[in-house]
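Each structure below appears as structure tokens.
In what comes next, chain A is part of two complexes: it sits with chain B in the first one and with chain C in the second one.
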Partner chain A sequence: MDSRLGKSCMGAISPFPEQEGATPVLVEGRCSAWWPRSPTKPGAWHLKVACLLAGAALFLGGESSAAPPLSEQRCMICHGKHGFKKVDESGAVRLLWVDLALLKSSVHRNKTCTDCHHDVVEIPHKERPARVYCRRCHYKDNPAGAPSSDAYLEYERSVHGRALAAGETKAPVCQSCHGNHDILHTRNPKSRVARGQVAATCGRCHLEEYSQYRNSVHGRAVYELGVRDAPDCTGCHGEHSIMAVSDPGSRVGALNVARTCASCHGDEAIMARYGIEADQVETFEESFHGIGVRFGSKRVANCASCHGTHDIRPSDDPGSSVNPANIPRTCGKCHPGANPNYARGKIHINPKIREAGIVYWVATFFKYLTLVTIAALIMHILLDLWRRFKDRGAPA
Partner chain B sequence: MPQDARADTIRRLTLQQRLQHLCLIVAMLMLALTGLALSFSDTWLGTLLIRLEGGIEARGKIHRLAALLLGVVGVWHAWYVVLTEEGHRELMAIKPRLADLGEVVRSAKRSLGIEAFSCEVGKYSPSEKFQYWGVVIGTLVMSATGAVLWFRVLSMAVLPKWAIDLTLVVHGANGLLAFLVLVLWHLYNVHLAPGRFPNATWLTGRSPVTRPPSNSGKKIQDAAARSAD
Partner chain C sequence: MRWKRSRKSEKEDRDLEKRLRKEVASELPPDLPPEVAARVRRRVEALIAEELAAAAQERAPRQLPQARGLEPQEETFQRFNLHFRIQHMILFTSVILLIVTGLPLKFPESPLGGLVWLLGGLDMSRILHRVGGSGLVVVGVYHVAYTLFHPDGRRDFWLLLPRPKDAFDAIQAIRFNLGLAGSKPRFDRFSYIEKFDYWAVYWGCVIMIGSGALLWFETLSLAYLPKFMLDIAKEAHSDEALLATLAIVIWHFYNVHFNPSRFPGSMTWWTGRISKHEMIEEHPLEYERIMAARKLLERNEDQARKKGSAAAGS
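Entry: the complex of A and B
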């Protein structure tokens, strides 16, 4: 048995039936035993052999695999009953009723129970079925017709996937965010991961962050104004690829967050729709803070250092970290001794535009003074060279 | 002018002047390399310089260290020109005078080939005087604006924001201007112009003596008379 298998599959909750005797192999991080059909890749003969062996083991080892698939109606004999419950191993009561209508209105409306609960091969099943393993269908170029995506590979590298691999029982798996029988298409506004819904989904675990976000400028834009451009959790953190903020690959890490904010705040077309200045990004990038970030300094301020993270509010909101009343405290986090004078004047200033007033005029004066000086000094050098050339030819 | 056994050269710079000049070179080079690296940090050259300087924070430390050196040279030089006899004589010699304007005109005529030769008196030419006072004023401006940026927590607490922004613009633009003048004017005139290179006066303190044309006696007298006015 490949020792990497347990890690690559979904760790402790993997439903992989090891006792079935097949020797699965990993192909690009994917367990061959789950393949709906043998690989067609030329030259991968060992994979073909592995699949043949696995198939043979299944065929010889279990009369179950030879039995016809269980029909939905048979499952619903029990699971269709309202209030169908059972006490599980831990002594907790589990509601086992399945709302078939919900399944039939989901994206999996054409699937039967055993398409996902494939380990249920007899009725009544003796064991509690394993957690459904979505990857069985959901991988790139799958033949089952599921959306073609390698999202689960991103998930494996994400903070959630790593926590799961490390044995964290509370780490979210596919179902935690997408739902179970009720999974809707992400473009369906009622989907748990649709815009306007996903924050509440994340908020089931991340309570504080959700609460702060809900009242932030972004949360209010999404929930109260229905602004399509405003970010929800995934807008900044990513989706399957969410990383810990301390991870160098995190979209919201100290060195990357400015780029993440800039994906909207640096976009003049988006910002123009809401009357927000788009040159905040450029002015930040050219500031001491921005240059520091570009060269990898984690000590300098990034967008979030001043504006906050989940709790970003407009500067005229008294609760905003960049409200003039709060500026001394916000700047004082890094610059002890910051006083109310820090709040006077505009922070994001661009010396290249007229709105900067005297700063613009002085910068422009120096620009032309420098150009004229360069021209004059080069003229002077040329003139000098010409004179020296002429003098050399002249009699002494 | 003191003239010694080696008749073909003359002592032009004293040891103290050369030491001050050396310190000034080191300080200015360090300031320019670290300062312009920040100004042009969005170009490949600026990026390379910052990497060579040990990163963005080390760059700042080197810049401030060099600023300290410049400050020390500044104080040293101020003491030299005000409180020592030698320095005070030099200060009087390099003081701008109205007569310099006439020399500028004659020098321009010479450059344009209108006048073949003119003899000038006084140790320093107008261009040397201009460069000296440019360094003095430039150093004062860069020190004042640099101090505002160095002690930013205090400056932000007392100055309006526009003054800080202005300080940053002036510090960056003036620094670039000073660098360009030093390279295109001083470095060319003194070191790189044909016939000048290599010029070791800044190290040895001695300059070669060139003889004026034989028919220049009258012009030397005229120049002496002009300077006596």
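Entry: the complex of A and C
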């Protein structure tokens, strides 16, 4: 029996190991039932039988096969050496030096090597340790003292988690964004996922989007002006729950992006700080475009259709898609033959305010016309009814 | 056919006939020999009588099937001919369609927004709104043609034109309702209330069709007009829609269906006819005109009969 059996996997041991038939063991230190790379999905009765077997195996063999934890000093005998490396079968060189100081300054400063690399039970270890599986500690109400969060469940449903489950080798896992030994708290400005850093982290894969964003009004606000309210990637896309833009749950999907933009652009307090009009959201919602979005049209223009996505620029920037000079081209994406007439008049027009010009006066005219007319008609009706009821009792 | 008349209405008829005869006589040149004048007078009277006979035929009581054993019905008068009833039916079908597909877009956050889903989603709603809009255009064209080319249309249009009397009538109606005037205003074929309804629809159609067409063909509109013209069109379309809806639901429905003398509703939109009672009550001037015409017609028939019998006797 595998000596690693009995290693904690929060008590849930995979009943369907990849290599060892029906015997319920941990494989390479991870739960294959949870680990998305596992191709097998346990059925309900299989799971029950397997859990019983697993319990029995733990009871019988757990005690004797548990190895004492290895101290990090022993690991550092090899991994502490600068230039410690290995050349694998494909000829690739793997640097195996670990800067212990990095670990000691990270959020995991109190952890030892085997807390994460728990499949290393003897030294020197013969096999390459499996990829560290963060969920061993990072789950809601965990006893290990890690932040209590369901982030990994969100990740599983995200575009990245799904890509990983589908066997995409380049799909990012926790470490891809958060780092390895050097993980810092999100609020630490040097953290890879901190404000001002996360865009570069995402940009390691999403290079084109990153470079567009970096020169956009939001990117420049974050990087050049240090504006705390300006969004970086996660501000719009979300964090662990990033969805494909085609997913109905995506925060930046056609039907949701207006709400996402509105979380800042509909907030008068935030917008007032930067002298931006806060009624853009309301005016959009009242426009034909906004009404189309409300009633589920994906064809109709949303914020991003006109303003762009990663490359949003202020309208006075000649490179902006909503610069008056570019309006014909931008509108022309949907309205064939769009011409400069499309730029003659405010797009986000609010007829309720005087700045709307003639549209305000038309709206005001109709407002009073309606009020006066309907009031007069109702008065006339009430007067008529009053007379009729008064006459009812009287002789004809 | 004979009509029973009260002493009073007989006297009114006689007066009206006298007046008409005087008018015919006064328009003849005074230097005409008396026998020629008499001949012309007879010819004109015969022509008027002929025309009035046709009108009276139209207003004759409807023949109800005797087999159903119904009591003899009160005389009814035609108020709307078939053309007008069809126009009205196209109009209200279109308007109902326009309201149920349009109001949810004006108040998308209110429960009215649910109507869009009820009607099969936004795309279906848009199609239905355009069907309604087309109906409004059709009825507009139909009505203009009817006004121009149909004698009833021409007559009604003339009678629908606002006159100073309408303002006085409105004031008198309000004064009467307040108890300040002794009698109700006496209306002709169209009261000021009905004239208001008619011209409100006229104004509404001009605004709604005009602005609606700009918004429907927005690519074409924007080829020639700046964007703020479409903003104006949208604002006017949306605001006038609300005004029209309120006017129909409050004013029109009260005056034709829900007021105590009509409740729970009038069927005139379907039959085109109103009762003699309603006629006397609500359109006394028109009623008097019709009665005078009938009187004249009868007299002419009598004269012709007398002449015929005199000729046979000689």
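The rule we apply is simple: the second predicted complex is superposed on the first by the 319 of 396 C-alpha atoms of A that agree within 3 Å, B and C clash if a C-alpha of one lies under 4 Å from a C-alpha of the other, contacts with A are read in each partner's own complex, and residues count from 1 in each chain.
Everything below uses one rule, namely that a residue touches a chain if its C-beta (ideal position, glycine included) is under 8 Å from a C-beta of that chain, and two chains touch if they have at least 3 such contacts.
Since we're looking at a predicted model, the values are computed, not measured.
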Clash or fit (per the criteria above) of chain B with chain C on chain A: clash
First (chain B), second (chain C), both or neither touched by A:T370: both
Chain B versus chain C as contact partner of A:K104, first or second or both or neither: neither
Contacts of A:L385 with chain B and chain C, given as first, second, both or neither: both
First (chain B), second (chain C), both or neither touched by A:G296: both
First (chain B), second (chain C), both or neither touched by A:K85: neither
Chain B clash site on chain C (candidates 24-32, 42-50, 150-158 or 294-302): 150-158
Shared chain A contacts, counted only where both chain B and chain C touch the same residue: 285, 291-292, 294-297, 335-339, 341-342, 344-347, 349, 351, 356-359, 362-363, 366-367, 369-370, 373-374, 377-378, 380-381, 383-385, 387-388
Residues on chain C engaged by chain A in the complex (per definition of touch): 105, 108, 113, 116-117, 121-123, 125, 174, 176-179, 218-219, 222-232, 234-236, 239-240, 242-243, 246-247, 250-251, 254-255, 259-261
Chain A residues within the chain C interface of the complex: 285, 288, 291-292, 294-297, 335-339, 341-347, 349, 351, 356-359, 362-363, 366-367, 369-370, 373-374, 377-378, 380-381, 383-389
Contact footprint of chain A on chain B as seen in their complex: 38, 41-42, 50, 55-57, 110-113, 152-154, 156-162, 165-166, 169-170, 173-174, 176-177, 180-181, 184-185, 188-189, 193-195, 213
Residues of chain A touching chain B in the complex: 285-286, 291-292, 294-297, 299, 331, 335-339, 341-342, 344-347, 349, 351, 356-359, 362-363, 366-367, 369-370, 373-374, 377-378, 380-381, 383-385, 387-388, 390, 396
